[in-house]
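To start, the structure under review is shown below, and the notes come after it.
Chain naming follows the written order as A, B, C and D, and within any one chain the residues start at number 1.
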Amino acid sequence: MSSSQLVRVAVAGASGYAGGEALRLLAAHPFVEIGALTAHASAGSSLGEVQPHLRGLAHRILEPTTPETLAGHEVVLLALPHGASGQVAAQLPDDVLVIDLGADHRLESASDWEQFYGSTHAGTWPYGMPELIHAEAPGADLATAARQRDKLPGTRRIAVPGCNVTAVTLGLQPGVAAGVVEATDVVAVLANGYSGAGKALKPHLLASEALGSAQPYAVGGTHRHIPEIRQNLRAAGAPDVTLSFTPTLVPMSRGILATATAPLAPGADPEQVRAAWEAAYADEPFVHLLPEGQWPSTAMTLGANMALVQVAVDAAARRVVTVTAIDNLVKGTAGAAVQSMNLALGLRETAGLITEGVAP
Amino acid sequence: MSSSQLVRVAVAGASGYAGGEALRLLAAHPFVEIGALTAHASAGSSLGEVQPHLRGLAHRILEPTTPETLAGHEVVLLALPHGASGQVAAQLPDDVLVIDLGADHRLESASDWEQFYGSTHAGTWPYGMPELIHAEAPGADLATAARQRDKLPGTRRIAVPGCNVTAVTLGLQPGVAAGVVEATDVVAVLANGYSGAGKALKPHLLASEALGSAQPYAVGGTHRHIPEIRQNLRAAGAPDVTLSFTPTLVPMSRGILATATAPLAPGADPEQVRAAWEAAYADEPFVHLLPEGQWPSTAMTLGANMALVQVAVDAAARRVVTVTAIDNLVKGTAGAAVQSMNLALGLRETAGLITEGVAP
Amino acid sequence: MSSSQLVRVAVAGASGYAGGEALRLLAAHPFVEIGALTAHASAGSSLGEVQPHLRGLAHRILEPTTPETLAGHEVVLLALPHGASGQVAAQLPDDVLVIDLGADHRLESASDWEQFYGSTHAGTWPYGMPELIHAEAPGADLATAARQRDKLPGTRRIAVPGCNVTAVTLGLQPGVAAGVVEATDVVAVLANGYSGAGKALKPHLLASEALGSAQPYAVGGTHRHIPEIRQNLRAAGAPDVTLSFTPTLVPMSRGILATATAPLAPGADPEQVRAAWEAAYADEPFVHLLPEGQWPSTAMTLGANMALVQVAVDAAARRVVTVTAIDNLVKGTAGAAVQSMNLALGLRETAGLITEGVAP
Amino acid sequence: MSSSQLVRVAVAGASGYAGGEALRLLAAHPFVEIGALTAHASAGSSLGEVQPHLRGLAHRILEPTTPETLAGHEVVLLALPHGASGQVAAQLPDDVLVIDLGADHRLESASDWEQFYGSTHAGTWPYGMPELIHAEAPGADLATAARQRDKLPGTRRIAVPGCNVTAVTLGLQPGVAAGVVEATDVVAVLANGYSGAGKALKPHLLASEALGSAQPYAVGGTHRHIPEIRQNLRAAGAPDVTLSFTPTLVPMSRGILATATAPLAPGADPEQVRAAWEAAYADEPFVHLLPEGQWPSTAMTLGANMALVQVAVDAAARRVVTVTAIDNLVKGTAGAAVQSMNLALGLRETAGLITEGVAP
């Protein structure tokens, strides 16, 4: 595709946080023309009524989400509630690039889907995490290992990863692939901003409850992102993955700070651990290993398509500790969608995406 | 200037919040090449050490702020402590565009400067608020009234307005210029994010003190932005301006929400008040009057070069109430600098600037 | 009443924020025994399910709000939605002390009620602001002026003031009563914590929307607390009151920081202004004028039955500026209820109430 | 001691957060008279200047911290920087109850102290965590196991635990003592409020940096609380303790939410895990196991001497996950000091302490 042509992109679910963030990014994309914006309950409203921060699109009217309104676009982004995208996607032509920001098409295992989501699996689409390492077994040469980005050019279906999944996967996969950590006892605890919960009107999501407080949710092995993280670390070479995963809501709107730790592999040289992360991310535009001693904060990544990673070895605890910061709505959702779209369409991977966070 | 050439811009004071924000915007500017970055105490460090959110510039080394390091640039941004820019600017050639993000060159009245800043006035530079209305007297035709942007093309010195000043001025000036409000008893109270206070290490700026709390500062007519607001409203046609101004720090990093109210002018028709704001901002790219009934929040403007304004008439109180939201570091500082730079250089006014806020 | 006997207190509306806060205070009250706890939708639940922070009462079961469940108590606190307390109160015996934390019985003017609340006025009860000054006209001797506390002993009906009303009234009334400010052009702008909005599930009250943002509401003379503030300042001696009132939601759960300003009275000596506030609050246990130069923050009052006030004269603006901090749920609601209850029952006014805020 | 006599308590370090919080609690203690308040840099100031939230003590003058100013008290609380209390304590008589809120006397192992604090060990004092379980080996009968409270009556020296230590220890010790978890691979990740860092003026503690962001610190086995947690879990019966510990700063002033996980012991019945926590805390006044399915938030404990704990078994991960919420300044510091003081003096353990958090 020549970049002098504009790609016409529709966004279904434009009234939600994921859809709004996709529009914020697409509005700044040099090769995109924003087409239909659709919604469910808000259909008929102007976008400015529900997303007043998107000034350039404020006058646009939200249409209902139907095959007709979504027709005539080269790309359709589905930012729909979990479980809703399968049906909509089935009505779209095969040659349209359909990018699902929801969970429906992420998992390869139908039984995982059924166990964690409690419904029938909609199928598996190519996975929209370009940096995912593919290794047959631990001990891969990270400079030459295959990445998921190799699988995206030309695809017409993309499943965007879960936000927590992105943070934990990017934090740990270099060590897994290089064989310096073991994935048999991964523990991840996350500090999460409230936008990850969407616009649902639930008491524990009220500002009065959230301000000045921290609270966990989905503790004890029930969170739906668990099978997806396990799937990714297996892709990175782990024969088996055991994961304890606990997200905690903290008083910020955006951001994930994921502390993920795994046992140091027997025989691994602590002095060589950092080298795996350096090799894995030396050339990545949107995943940076920070200089030694500097730790990520979520503010560093606010609004940016960027994951910042740091790693340390705790010799006494015989564990490698990683901390990864992302903006859950950008690198965790809409930025990953645009990055993958760029790859699928043959555009420059970085087109329309920025790496500078809005800090402080 | 042809926009195919890149303008080479130096930033003095690149380690502070204003300098960092200028770099964030300049990094995304299509016609800018970022030149020297200078600092005082941080000279010798990499930018990544002090501004880790600016990934694309992380490897750049901060140089000391000297005429030599600032030489060879078409534009020099001064993001220095108040009082420091006069001396630096005096050492720069006349044909270099020098943009002062500090206060030194904003005020026209030397006695105002001396009263509020307690030092010798450095002089007055063209004022970097393109939307400022110039009217001889109340009752101007806002569709044709002169704006400050008319004075900026070709200038080589620009004084960027104060952040609070921008919010209050943009909120009230349409009514002042149109003569529907009187500036003789303006009251403005602001909710301010902490980044406006800079990186100074003071006890009341600690997170532990700020979180969960609101506190006023500079109450009772002492804030340095008072004479600048008065100057602007006089430019907009007010024969005399009396202003009660109270900023309050609230627990957010960025943002100003300015509630500014002025008496309804005798004889003004309440039904016609809104028309003044509509006329004033109908064509402004970076100042929007929201649809009736929708009120601005600072989140709507986060990271964007955008002021959102709403106005209401309180008939019982015989006052017009305006609320204006900006990001203090963008439209309040660095965005205004870039917008004014564009005008001074003959570039498109909107180049490199976005209007979409990072919300939620 | 001898304080060796325990007063049995029921709380209707124990599932909401006001009811929960009343219980928090009553649980620490040396002369109170907590009786029935009632609720509407939550009836049948344990208190621990809806107010898990009240550990000592966690096992108590919420009953429905009926005359039967509320029978057998010497005091009944009504923490009900606006409009609901009139009917419940009518079913309670005359010799029971009924304290309405809602708005229904605050206003003296039925037409004010109808204009701002849009329903039939339920009647006027003795007003639960013990510190309210009663003066016939400006120029009162504040050392000897009557206070509302004189009217409370023995009463069996109390209307607790609105939270914003408390902050603005306490801020301005000394100057009004002393005649050093004029109430003809009062402007008040408040920074408000989100708990003031209750547990209502509305989109703009979500944490994701609130965090990092400030937003106004009820702008332009529509807020229901306006007639109540006007009523209070008239009680303090103002012949007429004109009020511009704008609340703004800022990212904290509790607290009100009210900036309230009024014109300096013609002929008033700026040097003598502070003396009015000193005289008004010299002996008040729960309203303190801070030492000159120290400004209140809401954190100073968190959890405490305390209003902190500071005042300054802005000679150039010819205005007196006051800033008042309270915890909206304590001095703004439940603390005022307990304080007034103490007075009505002949207990020590300060019983069970603390003045130390939970800071930082 | 008869509780009709008042105990005279001095607070050294009254200008800091720990000292201020101790004063807030002591001011409400029925059996305490507050004596000398001392400070270092703030000596000579009124308490109101540095702790304006403590209204009842605002007029008290801070004295220098010397043996003379601290003389004549039955209790001296030392809220001093780490390393400073040893010297002060050495100058106090043996029959004075000295309670060290700092770290100096917590550790039993001098080599642990030297490794983590880098100075000479000041010695070990009785440990002020009344709920600490003492067990010879895993498998203890928690209904009859010894607690640290048995060792406190009559003591005249108390070392108050670290705040993070309290949260992690209370979360995990029931499982360790009962033998249902193994302490050989404990992983703890904490969300911490900023007040835990004290009033130190450091850039990363500024509100502008903290708001809207989460950041880790002391990652990789370097945090000073690690040896203290290990010491406690050994006391609870663990033959050996390995701990990965990562604190993260999140945007709240107070509170710790500690997610602590340990492997399920081989042979332990997942159905029986909860029983250990129930048995351990059934009679504790200040540590509550929440009902199944309800998870703690820090807001539930704000200002209260309360630890709220929940536990779940993640069968797939073969780990037990605990989440514990405390207010770092109360149960984490000053509340533990008062609770231990009560025990040492023979007062009711709960005197002057409340369990109701200030929520929302």
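The rule we apply is simple: contacts are C-beta pairs under 8 Å (C-beta built on N, C-alpha and C of every residue); 3 or more make two chains touch, one makes a residue touch a chain.
The UniProt protein names, listed by chain, are A, B, C, D = N-acetyl-gamma-glutamyl-phosphate reductase.
Keep in mind that this is a model prediction, so the values were computed, not measured.
With chains reduced to the mean position of their C-alpha atoms, the one farthest from subunit B is D. When the contact pairs of C-D are matched by residue number against A-D, A-C or A-B, over half are shared only with A-B. Across the two candidate interfaces, B-C and B-D, the one carrying more C-beta contacts is B-C.
Per-chain Cα centroids separate subunit A from subunit B by 35 Å.
Distance between chain centres (mean CA atoms), subunit B to subunit D: 46 Å. With centres defined as mean CA coordinates, subunit C is found 38 Å away from subunit B.
Counting partners per residue, subunit C has 17, 195, 206, 208-209, 211-213, 251-254, 296-297, 299-300, 302, 359-360 as the residues that reach two or more other chains.
Across the complex, subunit C meets subunit B through its residues 185, 187, 189, 191, 206, 208-209, 211-217, 219-221, 226, 242-246, 248, 250-255, 257, 259, 261, 263, 295-300, 302, 310, 312-319, 321, 323, 325, 359-360. Interface of subunit D with subunit B (complex): residues 17, 193-195, 197, 199, 201-203, 205-213, 251-253.
Note for the complex: subunit D touches subunit C at residues 17, 20, 24, 27-28, 48-49, 51-56, 58, 195, 211-212, 253-254, 288, 290-291, 294, 296-297, 299-304, 306, 308, 354-360.
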